[in-house]
Amino acid sequence: MKLIIAYIQPERLPMVKLELAKAEVSRMSVTNALGAGAQAGFTETYRGAEHEVNLLKKVRLEVAVNEHFEQRTIDAIIAGARTGAIGDGKIFVLDLPRCIRIRTGEEGSAAVG
Amino acid sequence: MKLIIAYIQPERLPMVKLELAKAEVSRMSVTNALGAGAQAGFTETYRGAEHEVNLLKKVRLEVAVNEHFEQRTIDAIIAGARTGAIGDGKIFVLDLPRCIRIRTGEEGSAAVG
Amino acid sequence: MKLIIAYIQPERLPMVKLELAKAEVSRMSVTNALGAGAQAGFTETYRGAEHEVNLLKKVRLEVAVNEHFEQRTIDAIIAGARTGAIGDGKIFVLDLPRCIRIRTGEEGSAAVG
Amino acid sequence: MFRKVAASAAFLSTLFVPAMVFAQDGAEAVEAVEAAAPGLDPMFVVNNLWILLAAVLVFIMHLGFSCLEAGLTRSKNTVNILYKNLAIVAIGLLMYGLCGFNLMYPGDAWMADGIFGFAGFGLDPGVDGQTAAYADGAYTYYSDFIFQAMFAATCCTIVSGAVAGRVKLGSFLIFCVFFVGLIYPIIGSWHWGGGWLAERGFHDFAGSTLVHAVGGWGALAGAMVLGPRIGKYVDGKVRPIVGHSMPLAAIGVFLLWFGWYGFNGGSVLSADPDTVSFVFVTTTLAAAAGVLAASVVSIIVSRTPDLSMALNGALAGLVGITAGADVISPLEAVIVGVVAGALVVGAVLFFDRVKIDDPVGALSVHLVCGIWGTLAVGIFGTDKSLGAQFIGVLASAALAFPAAFLFFTLLKKTLGIRVEADDEYKGLDIAEHGQEAYGGFQVFSTQ
Amino acid sequence: MFRKVAASAAFLSTLFVPAMVFAQDGAEAVEAVEAAAPGLDPMFVVNNLWILLAAVLVFIMHLGFSCLEAGLTRSKNTVNILYKNLAIVAIGLLMYGLCGFNLMYPGDAWMADGIFGFAGFGLDPGVDGQTAAYADGAYTYYSDFIFQAMFAATCCTIVSGAVAGRVKLGSFLIFCVFFVGLIYPIIGSWHWGGGWLAERGFHDFAGSTLVHAVGGWGALAGAMVLGPRIGKYVDGKVRPIVGHSMPLAAIGVFLLWFGWYGFNGGSVLSADPDTVSFVFVTTTLAAAAGVLAASVVSIIVSRTPDLSMALNGALAGLVGITAGADVISPLEAVIVGVVAGALVVGAVLFFDRVKIDDPVGALSVHLVCGIWGTLAVGIFGTDKSLGAQFIGVLASAALAFPAAFLFFTLLKKTLGIRVEADDEYKGLDIAEHGQEAYGGFQVFSTQ
Amino acid sequence: MFRKVAASAAFLSTLFVPAMVFAQDGAEAVEAVEAAAPGLDPMFVVNNLWILLAAVLVFIMHLGFSCLEAGLTRSKNTVNILYKNLAIVAIGLLMYGLCGFNLMYPGDAWMADGIFGFAGFGLDPGVDGQTAAYADGAYTYYSDFIFQAMFAATCCTIVSGAVAGRVKLGSFLIFCVFFVGLIYPIIGSWHWGGGWLAERGFHDFAGSTLVHAVGGWGALAGAMVLGPRIGKYVDGKVRPIVGHSMPLAAIGVFLLWFGWYGFNGGSVLSADPDTVSFVFVTTTLAAAAGVLAASVVSIIVSRTPDLSMALNGALAGLVGITAGADVISPLEAVIVGVVAGALVVGAVLFFDRVKIDDPVGALSVHLVCGIWGTLAVGIFGTDKSLGAQFIGVLASAALAFPAAFLFFTLLKKTLGIRVEADDEYKGLDIAEHGQEAYGGFQVFSTQ
């Protein structure tokens, strides 16, 4: 199994969810995050003093999938998140040796889906 | 070493912490998250317009443990989080090749605990 | 590639960013988290009732790097985050088999940086 | 879904009643307005203006209550609390116009002498109502009504605080129709309406008993019938359920204090410089003393200064002085405030010990300090009898508490008054309204 | 960066104008103050005091508007909204002093009889302005000005709500200079300034049309020229864009209701006990009825009680009764409020259906209920003509809407009036101000 | 833990003093109230009513201060700020009753002629205090007291803003007892109490110097003795520490502006239509001009319109006009406001340059604009001497600043006045109160 972590632009989340749904991936976890990447930040001014903000709002997705879902999940995320502009985000794929469903105690592939 | 990630219902966190303490696991990190799974969402209405909310509030736990703590940690999480209802959550276990304590620079098993 | 996860004291974030910049690591993702560790919590009182808070505010960093950046990234985080006091935090290093840049579809080392 | 529909139906039913009647005040009223004007007595004008301004000040207390209650409870119940308080104001005002005013001030229309009277549905200023003749040049009929109407909703708002976080919206609003439309004005008629308590020398200047304790009894009944919020008392221990916004709570208390100048000051029922300024001073000093006393006691009890206690202390002092603001000297007002401020902290601890869950301290503030304030008149007031004050306290308790308790029990047996555990976890905002109070904010709730 | 500079330049230009002239009111004014005092008529003093207090109450409505608008929109636009509203108040007050007051009350200085007049720039109480002679012992020149000035900014604040979340700050403030400095006072002069509408028997007591509908027409023009916020209407469906703070919205509505006692009560233009108390009652009952009606209708429509609709309902009732608060009986006021409360919910749905995006319901509240209130005078008011009311509604629409539409279009073609999509995503706070409203808070915005 | 206990002990000690004495005002007072009433002069009634209403308006300014200060600082210090401000109000009111009022208005009880007088502890209206005889038919003794008492706490609230985020609660409250109980009333006695400054023709209508600059000097002393917050000035550069809630800050400023009508309007000390309406107009125009000027200057300085500066601009205009609201013409009021609005932005930058950390801009608003306003009277006021104004500014500085500085230094050497670095990181809410302001919210604080 794989654990797919994706950082995307917050406003692309609805699209990404849509694409994932099309790819029959309906389970996921979402957190909000701040990201520094190639994207330029902005200058915040407050009472005459300036400071550079380069941690921008991002959404972090975590999706656990079975091996044969790995690529279609990645494709779906890209389909939903890509605008072609800097800041579109990254996808990280980790190996997921074990997965357990708390409710039933099921393990492995059965638990992921 | 293992990195255990668990998504649980927010209101089960106190129980899970209790069970982990019983299992002598006292270190952990917690973030709030939104999750989509088998659990049904709800309909939000605002000024006459409806929309389906299917990202529900969850708590994300991250616990790094030594191998021989893996199972008891998982058991403790299940003991604290299980209600038997859909939405109880999932546990993901990752391999953790390296762990460093910032304060001392210690590595490995010593740093995890 | 490696995925480096670090929990640090919130107020050390600016330092850590500075040290990472010196080490030429400019990409990262940040989330806020609550952590229980060796650090003592505090007692909250509200309307005469007390309760122990042992989940303290922490910042969670996630940095994906190429292998040869692993150590310098870790060193930079330690340089920025260490105060010598309990609660300084932990660094976890995971293997990162795959990394994709959403904008270009690039994979691997090229995508991480 | 069914729950929602049932609650909605219950709620809808509360709205038809006030909208139906309101009859007498038709064309004549308008004509009455057209008349008057020339040859006015300036004293009448200024007295009347003060009553109207006092009414405006009392109005904003409803925002104060809303903010305080919302601030001291969890964010997941905020929409529900705001909605409840807005609806209470609307229902209170309309019910008071429909029947409350004429129940509370029956004039000659007593049915059981000094105990129950009713001058009919709706508003009717009559021929002289809008002239100086109505109240010896103090105010007009409509000024009288509006000032009293603003008071009326208060007693339900007090109940609202104690049942927050678990009560069903529809059922609660039905209770309000009953409480503000019937119980509050009947008890009020005994004293302010010139009934039997007035004859016995009972003194409750602006309502420590008639408004605050009456509301407090309703609150006690509600909190008892409902039971505590899930997670408040676990294994015999109190687990604090922390409020979600101290700024909101502070805004609430300051606005209440602000409005109290209308509440107490307006209760002089004229702009008499001597009495009104005296009342302002006693009111102010009691509130200030309440803050400090509650702070000190809370420091002693929990070793840290608790903001929510200090805020409650201000209200405690205000509720305490309300019965005797006109007859208690400034020095004594400080004493009344100090005692009230200490009492409120003790009472919060007490109610937690007996496991009556009162999220905002409504019982401690309004019931306990309302009683204290009423008795304080007997202690400090010249020519006031402690006995008469006791009788007033007991009499109002004897109607308000059982009536509220029975009505809540009735609702419990029929429509239900408590949301299901699951909805309580989710929060009433989503469960009852399908809305969130803080769109976009990450709120971390593990209770 | 260029955008910012351009916007700033545009904005700066709005500030020079009012700061420039203001001339006549120099030394004489001060001297005038020095005189007066002894032998005052107490009736004059109390009448005048009421107007001043009413002005203070109307002032706080601007905080109400700010809170309501901020609360019902997303957190990422909060700084922008607060800034806009603060600037509107400042611009409104200064422009009204510069020219608005003298356009609205030209006195004898009509240029086109009853249609357009102008008594010159700046403030000048003249010889008698500060004495009882100015307004038959009701108020002084400066009281008159300050009360009217507090009203003036209101009409722009209404527009502000409808264009929130996407309008360029600089362009919008230029529009305000134009609207509050020219359009609002000209329309006002037709009725309150004694112009042609006054002569035709049009009755708009405190401004259902002259303030609220005029602001509403401006809002409609703005919302139409701007288009909806990104993401509001997707694939023909309405996607709710949830407000970020219901407590702020509730504070806003309660403060507006509070201030409305000054808005309507002060419009009596004296402290006459009869009329002012009557106006207080009708105002109150209409608001309460509006809350309940909007609640019921929103329960019917969306099966849950929608707080934002109930809040809008209160305002709907208030706007509705504003035209006839002095001539509509309490019972009829309830009816006016019920209709307004129902209308407001329907109107929100309607505007969404026709894809006119109005984040806070400004059109539904101020335009729709403003018209309803004006017509209600014709329906319920004794001796009032529905025809005259119609004419008033149409006449003000005929100037306000096209003028606003043209001006907005002009701005669109020149400076631009809408921020770029990217800035809309980021939020105007960062895009236009480089600031965030809630430093440190984690706000999760995927819209 | 020890720290907490020590702080608590220190704090407790501040509370005994005011609670102890308060003696004279016992039974007589109550009797005095019982008398009076018939044959009242309506002018007396209306004048007195206005003073009381003005007191109520000034009261709500304390909520304004609380909101502004909380909004412009970080969320982790919010409970502390709200608590501090509530306690200041309570302490201020009680201390003023205990001794402040009789220090400020010693009547004949001067000890050092025109410099120091004291009419004894507690309140005592005497025989005529509650009648028209007390102040020529303008107000009663208690009205006088309550209006002045509401002012008194203000000067400590100003200090509070400048020391926010790092001061120890207990020590600060002890400072307040000293400052509001002694320093403020002594300086006040020099002018308003009829002392030596009054004789020299100094003119400070409502307290640009006596309230605002005096508070400002205390604030400067406090900020200097304490030093800046950790992280404000790093490597010679200013790192902004962003406030956590702009809506709170905006609510604060609007409420302050609202209350200022009582602050300035009530300082007329009668309801004289001419002067009060004049004061309303100058007050309003200066505030509006302050907003625009601060906006323009902040746009020039930071290329974006800074909301916190615009908000400070409103206050700057208000503080600026306070000394001369009765003698400065409307046009000149605009100028006073424009200068104040520009000054406040410059001053914020200046204090940051000299590394005096003032989280809410209290020095820039109250000290700098307080001085400017006082001098403006000399510049614009007819028959006013710039020299006398200078003397007043210097004299009050000469007492307020050194006294505050010494007292703060004394506290520093004894109890300590600054929390430990660790507590500053955690935030004072947890460190000093063991509470959080926003239960459940995820606040991300890396400062």
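Annotations
Think of it as A, B, C, D, E and F in the order they're written, each chain with its own count starting at 1.
Throughout what follows, a contact is a pair of C-beta atoms (placed from the backbone, for glycine too) under 8 Å apart; a residue touches a chain by one contact, two chains touch by 3 or more.
Values in this document were obtained by computation on a predicted structure and should not be read as measured data.
Across C-F and A-C, it is A-C that has more C-beta pairs touching.
A separation of 45 Å divides the Cα centre of chain A from that of chain E.
Each chain gets a centre from the mean of its Cα atoms; for chain B and chain C, those two points are 18 Å apart.
Once the centre of each chain is set as its mean CA position, chain A and chain F turn out to be 51 Å apart. Across the assembly, chain A contributes residues 31-32, 44-46, 94-95 that each touch 2 or more other chains. Each of the following residues of chain F touches two or more other chains: 42, 46, 49, 53, 242-243, 245, 251, 302-304, 306, 308, 434-436, 441-442, 444-445.
Contact between chains, using the touch rule, shows up for A-B, A-C, A-E, A-F, B-C, B-D, B-E, C-D, C-F, D-E, D-F, E-F. Across the complex, chain D meets chain E through its residues 1, 4-5, 8, 11-12, 15, 18-19, 22-23, 25-27, 29-33, 35-37, 40, 42, 44-46, 48-49, 52-53, 55-56, 59-60, 62-63, 66-67, 70, 78-79, 82-83, 86-87, 89-91, 93-94, 97, 122-123, 130-132, 139-143, 145-146, 149, 169, 245, 248, 251, 432-442.
Residue ranges on chain C touching chain F, taken from their complex, read 10-11, 13-14, 32, 42-46, 57, 59. Listing the residues of chain C that touch chain D in their complex gives 44-51. Interface of chain D with chain B (complex): residues 231, 425-426, 430, 434-436, 442, 444-447.
Against chain A, in their complex, chain C makes its touches with residues 3, 17, 26-31, 62, 64, 94-103, 105, 111.
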